[in-house]
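Note that the chains are named A, B, C and D in the order they appear, and that numbering of residues resets to 1 at the start of each chain.
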Amino acid sequence: MILPLDRAVAELVRDGDTVAMEGFTHLIPVEAGHEVIRQGRRDLTLVRMTPDIVYDRMIGAGCARKLVFSWGGNPGVGSLHRFRDAVGNGWPRPLELEEHSHAGMANRYAAGAAGLPFAVLRGYAGTDLVGRTPTIKPITCPFTGEELAAVPALNPDVAIVHAQRADRAGNVQMWGITGVQKEAVLAADRALVTVEEVVDELEPVPGQVVLPSRVVTAVSPVPGGARPSYAHGYYVRDNDAYRAWDAVSRDRDRFTAWLDAEVFGAGGGPGTPVAAPGGEREEQTA
Amino acid sequence: MTATESLPSPATADADEVMTVTAARALADGTSCFVGIGLPSTAANLARRTHAPRLWMVYESGTLGASPSTLPLSIGDGELAETADSVVPVTEVFNYWLQAGRIDTGFLGAAQIDRFGNINTTAIGDYDAPAVRLPGAGGAPEIAASCGRVIVIVRQSPRTFVERVDFTTSVGHGGGPGDRERLGLRGAGPVRVITDLGVLEPDPATRELVLTSVHPGITAERAREATGWDLAVAPDLATTPAPEPRELAVLRSLTGRG
Amino acid sequence: MILPLDRAVAELVRDGDTVAMEGFTHLIPVEAGHEVIRQGRRDLTLVRMTPDIVYDRMIGAGCARKLVFSWGGNPGVGSLHRFRDAVGNGWPRPLELEEHSHAGMANRYAAGAAGLPFAVLRGYAGTDLVGRTPTIKPITCPFTGEELAAVPALNPDVAIVHAQRADRAGNVQMWGITGVQKEAVLAADRALVTVEEVVDELEPVPGQVVLPSRVVTAVSPVPGGARPSYAHGYYVRDNDAYRAWDAVSRDRDRFTAWLDAEVFGAGGGPGTPVAAPGGEREEQTA
Amino acid sequence: MTATESLPSPATADADEVMTVTAARALADGTSCFVGIGLPSTAANLARRTHAPRLWMVYESGTLGASPSTLPLSIGDGELAETADSVVPVTEVFNYWLQAGRIDTGFLGAAQIDRFGNINTTAIGDYDAPAVRLPGAGGAPEIAASCGRVIVIVRQSPRTFVERVDFTTSVGHGGGPGDRERLGLRGAGPVRVITDLGVLEPDPATRELVLTSVHPGITAERAREATGWDLAVAPDLATTPAPEPRELAVLRSLTGRG
């Protein structure tokens, strides 16, 4: 089902949902995150291996109650200041943390995608994560007696990813670094995919991942929707924007002003979402 | 840059450059290396352009055998995917490559590192009310567990080199001999900690980090002052060979300096 | 390392080895199997999800002591008569069986590839496989209490697969239906890949699987080496050959005559292996 | 074949054709179907060419949404890969698609099927000294467990329709009501067994297979004689609607008959 972004977010993302917006540096659904902010969603449990600037914005905007993650930083730059402010000072609201390693998170998604209640990995042994994270438990191999780590499946209410293309039937195609997006979509109850373009036919591409339309709840055309991250074959990463975020996000007032201007404001660059018919936007962000 | 006269003088190398060159030299040609962004990525790319052209770099984004022409800012830059032998899902890079024990060397940074090479990248101070909240584990716990050996690159200061880490994100040598084996960790753990002052290596018997080399112009005393525990100094303390002009030239072409 | 097939088999496959020759209808390493027969390997534990006519030939030739599998038939035709004769009558020697389902076998390879001692799946519950196959055990989810099935990792001594291409460094590229070949190669101690051709550069192809040279012990150029199965982009499946095998394999004498003529004989069609230098072939098959 | 006069007469349909057409009709448009080779593949491809053009066929070789132009001989024919929406590794088709419960209908054959729809494709007679050694489980145990519902296609005879299977390869309704739930099997199990004589369905209360329809020209008595247990007959026994000329024409174009 092809929907404008604001309608798709309105229909798929609900207050209190567990939301996984995945992307490993590449194809990050930034504009979808802005739309979630605009629609004022609250009490979300945000899930992501690498929460970066889009989650920093959502946390700073007060959307999140909890973060399930493995590495929360501004990739190649440093810290996430809104994340730090929420953890350290509870601003704008406290943020509960559930921390894993990348290996644990990836396997949690894979278990969710596979309809299993848990995954097994060699991980966490001897770390303080074991004591801090109740979703890490020991499990014994019934054949060798070895002790390994078990982690529960992740099954988000909704997964949001960005992809290069979809066809009109809603089949989605992405390529380049595709991270854990397939698993996140398959693990979720509902899936929203923003795409650079909708095409008649998905010409096969080396390294492609195709998500059949039957596992995609909604596709929203959002050209530039991954900026300042990149879309392989469409545009490159805007490293300066990541660096610039550091200064913007350090200060609450400066952040709030940025949010008003760039997310709630009428302006907006190439990542501006497609307008909804009938002025629904206003209603939803009121 | 082919004419010798255009190569920079080793005397101009700053502390970070000596650290990076020393780290690069630790990577043998033809081996595989799990590369994080920042200093590890710079060191690995330097190695590949100098003595180790067949160094096989794996980034956790899933790019196997990447050979970027410029230094990536992030572990998922497009350049990595375009130049890789293969791009695999993140599940595969962690399960089929790292966990399966196929990576020779893991490169890690640290916000805190302790006497036994245990690493904290989670939080400084109390976890529930941290003085500094850090990014967290990422791939580090399993890199530290499963790579054949680990090299840590970190600038040396008493705040960073602590008696005991506030949070064990990644296990080095635990509490001493036998701990890695007891925990079922398959790799050898940190075999070298390379800093801006020198090189530390675990004592074979006690597993405690010992200063085994100081960089040119650095004294053992200075390294000890930059350490939060009573740092032992190897009886045969070496001086790190200075960067060669060609190493410096390649490094500066990568980092855009000079 | 690029080696002629006979040298590669001589170096990689030893009597008593556990050997996985994988291929899901497509890219079946038939010619490599013939070379194993020619070299007179014995006491092999053969592992494969879908043992088909090449394992039928190896079993009939007396190479195998045990078969670990999930479906042993002639795909689209019917039964494997040499397999049946070995199971039912011990001809030419008894064949021990270890039976799983496809889901179990695929997960056993995946665990082997991932360095885990076991895999977990929803499977086998209520079937008589549980009582017959000691490598199926119950395991309880430490989070939900659900009972699932555990199966031990498969880690063959050697995996043998066929692929379309390799480059001179030994990187391997295959595409089309790639089944469980990647997992089999990664799970094995040693891997032999026969290929249609060795090329200077592996041009990326949609749907490709690339096996980096560091997990491939030897590459042998064997054009047509998957016949009568097929190699996507090179030649199609010879369905008539599968049908013809039914009659040939029903009778011990007819099978033996076929083996002498087609495998040990000097003749051979497009699947004839590349000759080794220095007449090594004679030595090895003597 | 567009002119009506060229379509075959339903009267010429043989028993296998009636069985295949009946099976095809059981597949609703837009649903997903896990397809094995042989009769299931023929029936699914017939459905896709008649009333169910958006039937989404999954073959265990990893082809999702295949739409072959001819009937494949094997589950891994190249035609399947070329026409698929996506080709995935075998691990994914079993874990991410079948086990995750994404397939509506599973189609299974049987060498033996019993009163409760349990299926044997492993061995006839004693497992250790079988009268007939069969190919084995393949994907069937998990298809029977995880698909939304299962349809069995099998020719009916007393040797095949047995009181109790010699080996339970795939669980139907186990020993009766509640058994699937107790075993944790998530799908509904066999909802229909389609034979060359008629259609059997589990009694909602007892889960025992009951004859609910006979094909044109077949009597309930004949179906009972072809069954190794005392087959119950539904009070409202139906007669299977005969194949329509167009269904027969498409089927014969697929199988190469006529």
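The criterion applied here is as follows: a contact is a pair of C-beta atoms (placed from the backbone, for glycine too) under 8 Å apart; a residue touches a chain by one contact, two chains touch by 3 or more.
Heads up on the chains, UniProt names are A, C = CoA transferase subunit A; B, D = CoA-transferase subunit beta.
Since this is a predicted model, take the numbers as computed values, not measurements.
Chemist: Among the chains, which is located farthest from chain D (CoA-transferase subunit beta) on the basis of C-alpha centroids?
Modeler: The most distant chain relative to chain D (CoA-transferase subunit beta) turns out to be B.
Chemist: With contacts defined as at the top, give the pair, B-C or A-B, that has more of them.
Modeler: A-B
Chemist: Distance between chain A (CoA transferase subunit A) and chain C (CoA transferase subunit A) based on Cα centroids, please, to the nearest Å.
Modeler: Spacing between the chain centres: roughly 41 Å.
Chemist: Could you grab the centroid distance between chain B (CoA-transferase subunit beta) and chain D (CoA-transferase subunit beta)? Build each centroid from C-alpha atoms only and quote it in angstrom.
Modeler: One centre to the other, that is 58 Å.
Chemist: Centre to centre, by mean C-alpha position, how many angstrom separate chain A (CoA transferase subunit A) and chain B (CoA-transferase subunit beta)?
Modeler: 29
Chemist: Would you pick out the residues of chain A (CoA transferase subunit A) that each touch at least 2 other chains?
Modeler: 115-116, 121-122, 146, 182-183, 207
Chemist: If a residue has to touch 2 or more other chains to count, which residues of chain B (CoA-transferase subunit beta) qualify?
Modeler: 95, 99, 146
Chemist: Contact residues on chain C (CoA transferase subunit A) for chain B (CoA-transferase subunit beta) in the complex?
Modeler: Counting only chain C (CoA transferase subunit A), the residues touching chain B (CoA-transferase subunit beta) are 113-116, 171, 183, 186, 210, 212, 214-215.
Chemist: Would you mind writing out the residues of chain C (CoA transferase subunit A) in touch with chain D (CoA-transferase subunit beta) in their complex?
Modeler: 24-26, 49-50, 69-73, 75-77, 79-80, 83-84, 87-88, 99-103, 106-107, 109-110, 121-129, 132, 146-147, 176-180, 182-183, 207, 230, 232, 236-237, 239, 242
Chemist: Tell me, which parts of chain D (CoA-transferase subunit beta) touch chain C (CoA transferase subunit A) in their complex?
Modeler: For chain D (CoA-transferase subunit beta) paired with chain C (CoA transferase subunit A), touching residues are 37-38, 60-63, 72-78, 80-81, 87, 89-91, 94-95, 98-99, 122, 127, 129-130, 132-142, 145-146, 167-171, 174, 179, 183-186.
Chemist: Quick one: which bits of chain B (CoA-transferase subunit beta) touch chain C (CoA transferase subunit A) in the complex? Just the residue numbers, please.
Modeler: 32, 56, 64-65, 85-86, 95-96, 99-102, 146
Chemist: Please output the residues of chain C (CoA transferase subunit A) touching chain A (CoA transferase subunit A) within their complex, sorted ascending.
Modeler: Touching chain A (CoA transferase subunit A): residues 115-122, 135, 137-139, 141-144, 146, 148, 150, 152, 204-208 of chain C (CoA transferase subunit A).
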